[in-house]
Each structure stands twice: as structure tokens, then as C-alpha cells.
């Protein structure tokens, strides 16, 4: 297919064919990370602004490295140092960045919809690096790439997502991607955080861990951000570990080839036992590596670079 | 003309011919920002240190992008993270940066004269990115470039600068540039902040807004930094808006082609009505774009790059 | 010799031949800093992560410029902005960075042994940029390069290190390098901070300044970090200046060609008189310049670049 989208704002609006093109292009870029010289000239002379209004080390670094490997010029614009804190509006900040001839704005923001808003007021390409509890499309893409690499396919797999689904943008983007690509999705966690209403998205909802993991081919554990959780909805940390932490005993209940995913950083001993995180079932580090490939692919495609067959630089 | 200055410290000491060379060279660099590959090799292998002892997001990013587009190696040295906070002197910091083979020091400092001081103790090129209430020469250059582009000339124009003139380095640099280039400058604002003594610089001083804007071809609104204003000299914010804010009613009193400038970031509803800031008379975003061009020009010229005809890379 | 080490973790484990190769390679890189285009392609397409868990402006900038001049892609990972502060382990952080295809991790950490630990759990090259009170190998290398340049040799010289030896990683690395290379090392400072036990490393220990400096060819003054010193062990600042500060009167007691070193930043009027720091005996700024050369050399050699004769790019 010919890529025509100007922005990457969410997974929800992507077609199956677009998802496949993103993943195929990412596969082509994976080899760049394995070369002696990890660099291609695709974005040479282009300016990318990383506009992180909500702090993030991992996602920011992953984008920055992806941009460096595409030879872009990069501006790091974090809110802490900025006039956004002095009351300037997001729109003014973004239009100023565009007036600096920015070609791409990669935005993380605590407000759902901020990237969509920017895409309406700017001429620049916009990539959503996580907006509120809404979506985190490149995280879903790296998860899909990792599943496809390890399992050979996504369609027909049983994928369980475990944790605070209600407030997780990772969960939402994963759900869209997985259901579009034909996986059977199970959501599990405390009932306050995994409401039955998610069934409308085509998922199974359960609040019993054993039921959720028994037939899973893939178990995706969300990070518990206890310091940020709503106190009234979240059980105590001990209670969560007791009910939903992935311990060795519980791992024994899963299929022997069930793979364990986590978007990182891991709270060892909370959502996952430390040995499991480092074990052979875990693909946590492969997810990190694949993050570079999908971000390079997203930048490349929306820049008009063509499909995966065009990556041969 | 042949450019011979080693530093860009202020507008006051520049000749009319030097100002014209800077603007002509900036025009040549404007086209670089419009190309697919926004990059020239002029400063390849040169090291530029951005020494921002006073915080600034916009000016720092504008310099950084200008340096990237000239292919320089860039070190970001902000005071927050530095030994300057541990009591090291500016001289020691600067000489250390020079010992790292820095070719250029771009300095912003709260003390007037800091760039001049550095130019005396260093061999490196020094560019003033704003010093105290003294000068902000690249801001004046981008203002001149924007006026010249929009109006075709500067000589003979009526230019009004509105706001806290007394403590504004932007106003001082603009006054020097405008009067050198033959504009008629009017200053307006509260009497405590726009003393009659500015008439000695060749300006008209008035404290009545209507009088200041009636015949203006260009109206330049300074940013009100209310949190930093001297309380005893500054009226309340409401009083300022009532007396000097550029509202639609007041805009109607101006010439139909009077252009509206602002160095940003804009306080919408304070010094300017939000609709005017976004309206067709406003050139605020063009000013941002032109900032890149004048900074590239300044770096290029003091590096010994030749005049505007040499930019053809 | 053929360089075979994968990491640069300390001076203690280096052979005399390895030290000589590092210094010879650094000399070859010094010329790069004096060229018009201060850049070689040796690390093009390689990713270097500067993982500074303990803040440092000078060392970080020196590494960053060295990496830029070798054309590497650079990620700045400071602890302040990172998930390390949220309780992630150093191991998880480092393995994540490696999963981003990092080729080099340059680490500064307050815990002695952190770089050695990383070298055991990672495939990436590790460079120690200072670990606790243990070692700071590139500082020792730049000190050796500076002595060799100025004195023509190191063997047989009398080198005095003055200050808080007990808690200084600079002192430890210098002692290892100097004694391996055949210098006679004298340590001097308050008895609480310069214990007799250092004699086991092959040094002379004295608590009388005059005795320490009388025959010195090189006097290396450590920075007094009074805010961080252990109160119970450290005399008052006044007392320190009186007993161990290098004043003009004391300088007159030294050999006329004794050279004065300091790792910076200097506390003028504390460990050294301001005029001496700026005087002709001082090599403080040469040390800064040499820091770039030794860091380029270290990155180049552990990358497998060959010996000094291979630098001719």
C-alpha cells in the first residue's frame, strides 16, 4: 500500500493494512540497529521537536535515538524549562515551534487529545507519544512487532492485559491494535480498574487472575504507578501483589510458551516477580529494541518515505 | 562590504553598512529554512557553546536550531546544572569552555555587559543572546528583517514601541537599529517605565497610547513580565490593560496597514487582544522564523564566512 | 601494542604499556582539536549514552564534546529526569539502554564499583567517568598527558597531591597512574584526610605543607568540596586555607619550575591563591584541553580503533 497519513495520532483510526505497513517497515528498520553504522539519511535536514509536556525518560530517549538514526536535527523541548509553565498556551508553543520550521512535533501530554488538537492547528507532522489516558500508539506498535516476531502471527492469539486498564493509554492502544489484528483480548485487574464496559471494545473482562492467564499466549503486565493511582479505586500495594502480581506459582499455571511483556520500567516484586522479568519467557528488552524500529518506521512513513521496500538504504 | 567583526555584542556599535550586511545575509539564509534539507556545512567541525545563565526557552532553541542548520557541534551549558551555581566565576567558566576548543560562546546573562566582558578575556567569538536590560541584538535584527520584508524598507517608517521600555533590552536594541536605519521611533507606556530621557536617543516619548499608535506603520508590543516587574513602578495588571493593552477598539484607530509585532511569548489579553495576535496584521510568527535566519547570518559572518553572496551553498 | 580491553574502568588494572598507548593515542587526537574542522568519523553511527547518576557539568561536557568530535550519536541520560529516581535499579536502567543498541555507556555514579558492575551485566563498552571515592581514570589520564607534555616525562618526577586524599577518586587514580609510570608521589593534607595507610600504595605521606612542596616538580591541588566534606574530619575552611592553601609566600618555597595542577573548578582563595591559578606556572586550562584528547583516545581504543598510528584520519 501507499502510505498517505500525515500524522500518527492513535491506533483506533488506523486500518489493518496501515498497521501491517507500519510493522513491515519497522522490521526493515530493525536491521539498521544491528549494523556497525546505525544511521540512514532519511530525515537529514529535517527538524523534529520532542515536545514532552509530561515527563518521560524512556519514550523520549527512544524517540531521540530513532530521530538521530534517521539523521534528523532534533530539538528537545521539555515543559520544565519552557514558557508553557509561564502560562503560554499549547497552541502558541506549537505554532512557535512550527515557525522555527519544525517538520515533526512528537508530543507527550497529560491531556487526552492534545496531539489531535495540534494536528488541526499545525502544518507539521504530529506523532502522539502518549496523551493522558487515551492512546500511546508507538507503544502498541512495538508490542505488536514483538508479538509477531516471537509468535509468528497475531491473529488468533490469546492476549491478556493485566493491571490498571481504566487509566492506561498503553492498554487502550494495545486493545485497538490487537483486536484489529485478530487477537482475542482478555483484560484483568481489580474490578474498580477493569470495568465491564470494556467488553464493548471486543474484549473479555475478568477479575480473576487464574482465569485470565490460563489460556494466554501473551501476558502483558502494565506498570503499577502507585504514586499516581487514585487512592479510592486502587487496593493497597500488598493487596494488589497478592491478587494480581505475577509470581512463580502463578506462572506455573500458564501455557509453557506464554510470553511475558511489560512496557517498563518494571516494579520488581509488584506486578511481576524479579526472576520472571529476567527469565526466558520475558521479552521486555526486545520490546525496548523494537521501540526504536517502530518509531523510525513511523517517522519515515509519515515523512512520505514510501513503504517497507523503500528502507533499503 | 567585507565583514570584520569578531563578535556580535550589541547593535549600538554597528554601522548602518554592517546592519545592512547582516540583514542581507539573513535573507540569503531564509531560503535554507524553506528547503527540503535545511542544512549547510558552514560551521561543520566548529564548537558552539550556548551559555544561558538566565533561562530562556525560545531564544535558546532558536540559536540551537540555527547552529544545527550550520552543522556545528553544540554544547548546551545552562546555569542550573553548572558549577556557576557552586560559586565559580563567569570568567572561569568561560575560559574552561574555551579550553574545550569552543569556537563560539552564545551568552545570555542577567548582568548587562557580560558578553562584552567575555569578549575581552576569550579568544572565542562571542554572541550576545540578551544581557540584563542592556541589549538583545539578534532580536533587533529579526525585528528589522521582518519590517523590511513586510514594508519593503525601514527608513522613514513610523515605529512605535509599547510597554516597559526602561527595563527592556529588546527596546534598547530596537531603538538603536531603527534610528540607525532611519525610522521615526515613538516610545509609549506608563511614565514610570518610559522616562523622557529616552528622547536623547532620538525617540519621541509619549504616555498616551492613542497618540503613539495613530500614525504608526509598525507597532511593537513588549512582553509584560508582571512577575518580574518592579512593583513600585508598575501599575496593576488591570490598569495596564486598560491604559495600554492593544484592544480591537484601539486597533481601529491605527492605519489600516499598521503591522503588529511582539517578541513572544504573548500574554493574550494583557498587552494584546488574542484575536489581534492571531490576526492578519500580526507578524509574530514571521518574527520567529526570521530569528533563525538572522542567527545563522550572525554566526556565519563572524566566523568569517563572507557576505550574503557567499551563502550560496 | 594491540589494544584489547573492552572497557575503561580504572587505572589500577592497566599495564604501563596500556597507559602509554592511551597517552600516545591522546597526543594524536590533540591535533584534531586544533584543526579548522574538529571532527573525525571514527564513531559514526555508534550510540554513546552518558549516564550521569551523580551531577557533573565539566566532565559531562568534556565527554559529550569528545563524542561529538568522533561523530557518535549521543544520548544524555541524567538521573534527575530518569526513572532511576522512581526506584528503578541501575541494572534495569543499563540493560534498557543496551536494548536501545547503546554501544558505549559512560557512567558517573556515587557508588564505588558501579562501572565494574555494569561491565559484568552488559555487552556494551563501559567507561568510568568517576565512581564514588574509587577512581576517575580519564582525569588521571589527562593529568598524565599534561605532565608529560610540560615536563617531557613522568618517570623520576616528584609529584605532590594536596588536599582531601581519603575521599578523592582523582587522588586514587592519579596515585595509580603516577606510581606505575615511575613518579615519586607525596600526599599531603590534614591528618584525618591523609592517613598513613596510603604509604602502602608506594606514596610518601606528610601533613606538613612545606615538606610536601619543597622538592615537587608538580603540585596537584584537589578541589575542596567543603559542602560535601565530612564535618567531623575536616577542619574549618579558614584553618584549611591557613595550613594548606597555596599562597604566594608558599609558592616561593617551591622549585622555580614546579607546575601547578587542579582538576577544577577552582575555589579561588581556598586551595589556591587566585593569582597562582591564573599564573604562568598553572596548567589548569591545558588540563581541560587534554581532557578532550584522552576521552577521544579512550573511546577510540576500546571501540577497537587500533593504536595511535591509526588516528590519522
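Residue numbering begins at 1 within each chain, and the chains themselves are lettered A, B and C in the order written.
Following the convention adopted for this analysis, a contact is a pair of C-beta atoms (placed from the backbone, for glycine too) under 8 Å apart; a residue touches a chain by one contact, two chains touch by 3 or more.
In this text the structure is predicted, and so the values were computed from the model without any measurement.
Asker: Can you check whether chain A and chain B touch via the same residue numbers (shared by over half) or via different ones?
Answerer: different
Asker: For the Cα fit of chain A against chain C, please give the angle of the superposing rotation, nearest 5 degrees.
Answerer: Answer in degrees: 120, to the nearest 5.
Asker: Please work out the Cα centroid separation of chain A and chain B, and write it as a whole number of Å.
Answerer: Going by mean C-alpha positions, chain A sits 41 Å from chain B.
Asker: Scan chain C for residues touching two or more other chains and write them down.
Answerer: Counting only residues that touch two or more other chains, chain C contributes none.
Asker: Help me check something: in the complex, which residues belonging to chain A touch chain B?
Answerer: Counting only chain A, the residues touching chain B are 44-47, 73, 75, 77, 81-83, 86-89, 92-93, 95-101.
Asker: Taking the touch rule as given, give the residues of chain A at its contact with chain C in the complex, in rising order.
Answerer: So the residues of chain A touching chain C come out as 33-39, 55, 57-58, 61-62, 64-65, 68-69, 78, 264-268, 285-286, 288-289, 291-292.
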